[in-house]
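Read from first to last, the chains carry the letters A, B, C, D and E; within each, the first residue is number 1.
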Amino acid sequence: MIEVREIGKTYGSVIALADVSTVVNPGEVTCVLGDNGAGKSTLIKILAGVHQHDKGQFLLDGNEVRFSSPREALDSGIATVYQDLAVVPLMSVWRNFYLGSEPTVGWGPLRRLDRRKGRETTKTALAEMGIDLRDVEQPVGTLSGGERQCVAIARAVHFGAKVLILDEPTAALGVKQAGVVLRYVAQARDRGLGVVLITHNPHHAYPVGDRFLLLKRGRSLGSYEKGDITIEELTRQMAGGAELEALEHELRAVQK
Amino acid sequence: MIEVREIGKTYGSVIALADVSTVVNPGEVTCVLGDNGAGKSTLIKILAGVHQHDKGQFLLDGNEVRFSSPREALDSGIATVYQDLAVVPLMSVWRNFYLGSEPTVGWGPLRRLDRRKGRETTKTALAEMGIDLRDVEQPVGTLSGGERQCVAIARAVHFGAKVLILDEPTAALGVKQAGVVLRYVAQARDRGLGVVLITHNPHHAYPVGDRFLLLKRGRSLGSYEKGDITIEELTRQMAGGAELEALEHELRAVQK
Amino acid sequence: MSVAVQTQSDERLAKPGLWDRLVVRPEIGALLGALAVFVFFSVVAGQFLSPLGVANWLDDASTLGIMAVAVAMLMIGGEFDLSAGVMTASTALVTAIFATQVGLNVWFALLLSLVFALGVGAVNGWLVMRTGLPSFIVTLGTFLALQGLNLGVTRLITGTVQVSGMRSADGYESAGMLFASTINVGGTDFQVSILWWVLFAAVAAWVLVRTRFGNWTFAVGGSALSSRAVGVPVVRTKITLFMTTAFAAWIVGSINILRNASVQANQGIGLEFQYIIAAVIGGCLLTGGFGSAVGAAIGALIFGMARQGIVYAQWNSDWFMLFLGIMLLAAVLVNNTFRRRAERVRR
Amino acid sequence: MSVAVQTQSDERLAKPGLWDRLVVRPEIGALLGALAVFVFFSVVAGQFLSPLGVANWLDDASTLGIMAVAVAMLMIGGEFDLSAGVMTASTALVTAIFATQVGLNVWFALLLSLVFALGVGAVNGWLVMRTGLPSFIVTLGTFLALQGLNLGVTRLITGTVQVSGMRSADGYESAGMLFASTINVGGTDFQVSILWWVLFAAVAAWVLVRTRFGNWTFAVGGSALSSRAVGVPVVRTKITLFMTTAFAAWIVGSINILRNASVQANQGIGLEFQYIIAAVIGGCLLTGGFGSAVGAAIGALIFGMARQGIVYAQWNSDWFMLFLGIMLLAAVLVNNTFRRRAERVRR
Amino acid sequence: ACSGPQGDKPAAGGGAAPTPNSGGGSLRVAVVTHGTSGDAFWNVVKNGAEAAGKQLGAQVDYKADGDPGAQAKLIDNAIAQKVDGLVVSMANPDALKTSIQNAVKAGIPVITINSGEAKSAEFGALTHVGQSETIAGEGAGERLKDAGKTKLLCVIHEAGNIGQNQRCDGAKSAFGNVTTLQVDINNPTDAQSRIKGAVQADPSVDAVLALNSQVAAGAVTAIKGAGSKAQVATFDLNTDVVTAIKAGDVLFAVDQQQYEQGYLPIVFLKLYKDNANTVGGGRPVLTGPGFVDKSNVDTIAPFAEKGTR
């Protein structure tokens, strides 16, 4: 559904991404893995329309596209959870949930927000993720880090029509919530959506991923199908190969 | 070294923490575990002097204290890595590193920053964590999430004299970097520091922790010594007990 | 606003309390401030409560209030407009010049000045969005430029620094009915501008809280980047807000020119701050993303009452600014004490 | 600044380039703007480059520049001071009243007004930190209050709106040497205020970049919460910054009163914006945490050159504000184009 | 092409040091005042100076700043430009002393206008044209007293403006029972409301003195609205005030004939430069407050409309 070919992006003099190719198919989860600063967020920001690529091609359903704003990406059915979350702290939870896709009732100049629907859908969507909020009218800024993350995820899941992109969705989450998110990812996949998942936790990536794109310092280290790689190998690759062995050894020593 | 007794904290009408007791000993790692919104960050913010407790007692070396600012906590040798990192995005990496504890040379009105020392120490400290920055003069705001996290951790490790508090230090980190941080925690412990570690990853907590404080909805679920609990039991407790089983079952099904 | 969420009793909530829920509204501080000022001057100044007196301070608050509401919306959207004050003079000048010097019908002159106002608003917005410069600076530029234009053009065309003679222009009476008539209530004449003010505040409040555009306004002010990321048309929203402010300036300019029948080239300078003050007293955050239109309208009321109250109390007008400064600080402090509790935001 | 970091060649960096490294300095935009304005008026206006002309616009820039530098430091620290303009008049009035009405020695009067200035600065800072209100509002309050006090006290004591007669006060001559003398360079008299300006900018630049206090200034402006969390004394730093601004206002007030020997009660109103403009042209962010003292000094220079240059070019003064507005926008745009590249910050 | 001989020491009185440096040629005069041309009063001065310049073929630059320090800088600027003549209003003589003396030292003939009569000769100016605002205020106060008024409200529309304060002070010294009211000229609604409030709060006020024609128009409306019987007098004219005088709503308008304060100095400087003439032997030339009331309003109205009265 989405295909990127030798895509590249520079910020000023910083080359954040170079020659990266991958594909996102419907009903599959593409995991993007890599070190800190490897360019993962940059890649998904291009897919989400936040940034534009400088080089390479970005194909959506076979046609070359270049989103000039996230609105366009959303209109094409691509919903995203950003690493920095993209919530407006001072706005209430339900308004954040619906931001940019507000439900309305009425006609012409009397068209107004459907606030009842907004509140109720939000409450339900969050409750399904195991987050029970005291009040969906409370500002998002008063939520804990994990609660905020859940709001952003619930929103993307709710509005993602064709592709769902998640940038480190489980980073701030508790064990239970992380489990819920992974279940969501699996459900979205089963509904036929293409999913892009970024994570640093191989234990999260491996169970749900179908394809693993490994990035390092802005370049692709290779793309693996699930069948081609074991979780151990994946972990090793994510940690930069040989270096890890020394570390593991050390950590094991540390465990007394 | 640090002991809190039945400590409590409310934000307006929100009771974030109630009746929590624990102890941090030199040369030991106390892990605080719990759901999102359980009050973990609130607890450590009290220890770090960012907030003040409303109830209970906070003892440092046996004396009851109440820090009115993080400065006082720092002066007592308590260094903290906050979940929201506490970096100044527009300032350069090395200035952030030394912020609040700037090295100076010269006397009287000519006392000035020792910039060379600042830059070099920063570079070394970060390099030791496996982060090689292009330039320590670049603003922290241009770093990736993980790189920023490493700056905050390196800073706390460098300045932590007696107690080191880490609020989800590994959340945004890659596998390798997370390993490095855990090694740091172990090293700090071996140097005789008391460490408080918050994490959602039982695989990170178990290897280094000596004591596990479990919080749920602002209350303590109990405090366990390492000997008293297995990693499986810990994971189960962190995820809220029985509920997890259903989830695990489901996730396993999802893995096809 | 009827909050339809059932209050489940959650053990993590101390006590809900009606008071706490009331106090959450951004306007509450302003409302209490207004009450305090009202009671104070009612006691201190004899004529303050007379029908004429009330009509007087309501009138003073009205033109300020119309602008304050528009400026509040813009501030909620995260931007400033320092050109708002001179704009009220510019629109009046454009109307007056077309009506008296060119000889157009007043209605047509009003239309032209409306087009002019919306144009300036759009330029302001476009410049801010295009260049990425803070609106404080950009509108400071337009503020200076408009100030120069007002004087230069007026002197060029009339040789003096004011345009007068509106009363003899075609259509003055009918246009005056709309913008500058008075309404007799119980023997006292109330200016129609008071109606405009109430109407404008009501529409703005409805738009802000109940419509999609209002939602976007809060969003772009709260975090433009995040809003953009979730698909809010940030540029369009902000430009519309600048144009709304210009539109309000057109209303106020029209009220002024039709009521006074003449306009001076250096009018309006410095008023932009009064608008901002009124909006802030009304609970708007300077940093954007939080505030209320009703609050701004009440802020203007406080301002109007204080300003006229000082006159009614016959205090020495040399110290006028001192009183105003202290009054402002006091009102904002009262206000803040309440808002602190309202805004349960992580700091 | 010699950057001691060796440029390791990193494959993730495209091309370092001397140009890119130069362009990173916040002052560079202002410097180029100043150059542009300088060249423009040198060509357009005949006497602009004559020694007398240079002395004239340097003088105009100097008092503005002293304040701009202080205001820039405050802005870097994340706060505004709208009372800075009237403060220059207040300090002058205090000095003048003590010297001429009470009959104190000028030096002693200066000392008293310094104490007064530092007091007002401390109150500003304390109010801002204590109440958590935005400094924009708090200092607007002190701005209005001081404005009222200036007028009220002056009229109360002298019966008019100005205090004069400094020339006959004790110690006028010696104090005048320090603040209001001229220095003859090649036959042209240059005001000593130019030296004060250069000195003030140099000290401020050194403090900002090289000292711990400067580091704290950037930090509290960039993120007060984070700074506090890592142990920066936020309250102390900000209050000191407010007092620095008041101190600068005292210097400028002293220069004015000793040079003009009289002071008018409404002096200084509106100047606060010129200070802010100069600081912004000089590369300061309105949101705090970024900027430069040297840049602000150059911003003041641009302002001084443009203001006097327009006079030298003999343009019609009716359009003065229009020119100024356009000039400001142009300068800020040039500036911004460069800064965009400099500030490689995530947006 | 009449380049006359260089007259090195003219027999001019008034102790004027500067010498007319060249006869003929174009004359460049800088007019530096404390009132911006946005002010209705000073607008007329500017028009006068420019009209004289046009008629005499002289180049006139009008510059103004209400801040004495900034006004001094504008004078310094004119000196650096080496203008042929300087016209200065001295609302604050102390502050302008150095700059004016520098101009005189640089050989630029200086004429002071409007205010600062007392210091004019001392600073070395050729002559002074105009009349202080105090005298104009006194004139207005006297006429109001003659009209049988007992309590006067003097409306200052720009707080701290020295000229306006002098007018009110003048009125006070001639009239007696005067209170001042500060309003904001930039906000007509507020100005009107405040006047309304003031006459309502103190019903004994039976006369209002406005210092600007627009304030006067607002005052008329305000007084009607408040149901007070006070009458309005004002400085300066505009069409509304003319209509109001005809209708009897405004008692009279003080006309300082400030057009002459702009016009005459240019003529004097021209004469001085071409012919080394001075007028009145350095004694001040009084432009005198005139009064416009029902009797002469018809004659003056058309000039007011042109911006020359």
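Methods note: a contact is a pair of C-beta atoms (placed from the backbone, for glycine too) under 8 Å apart; a residue touches a chain by one contact, two chains touch by 3 or more.
By chain, with names taken from UniProt: A, B = Sugar ABC transporter ATP-binding protein; C, D = Xylose transport system permease protein XylH.
Computed from a predicted structure; not experimentally measured.
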item: B-D or C-E, whichever has more C-beta pairs in contact; value: C-E
item: Centroid-based (C-alpha) most distant chain relative to chain A; value: E
item: Averaged-CA centre spacing for the pair chain D and chain A, given as whole angstrom; value: 47
item: Centre-of-Cα separation between chain E and chain D, whole angstrom; value: 34
item: Centroid distance [mean C-alpha coordinates] between chain C and chain A, Å; value: 42
item: For chain A, residues contacting two or more additional chains; value: 11, 14, 134, 142
item: Multi-chain contact residues (two or more partners), chain C; value: 12-13, 151, 155, 225, 270, 285, 318, 320-321, 344
item: Two or more partner chains touched - positions in chain E; value: 36-37, 159
item: Contact footprint of chain B on chain D as seen in their complex; value: 3-5, 8, 10, 12-13, 206, 210-212, 214-215, 218-219, 222-223, 225-233, 285, 289-290, 343-346
item: Footprint of chain E on chain D - complex, ascending; value: 46-47, 50, 52-53, 55-56, 59-60, 63, 147, 150-151, 155, 159-162, 164-167, 256, 259-269, 308, 311-312, 314, 317-318
item: In the complex with chain D, residue positions of chain C that touch it; value: 127, 131-134, 136-138, 140-149, 151-152, 155-156, 225, 270, 273, 277, 280, 285-287, 316, 318-326, 328-329, 332-333, 336, 340, 347
item: Interface residues, chain E side, partner chain D - complex; value: 36-37, 59, 61-64, 66-69, 72-74, 76-77, 79-82, 92-95, 97-98, 158-162, 165-166, 169
item: Residue ranges of chain A touching chain C (in the complex, touch as defined); value: 48, 50, 69-71, 74-75, 80, 82, 85-91, 95, 98-102, 104, 111-113, 115-116, 119, 123, 134-139, 141-142, 155
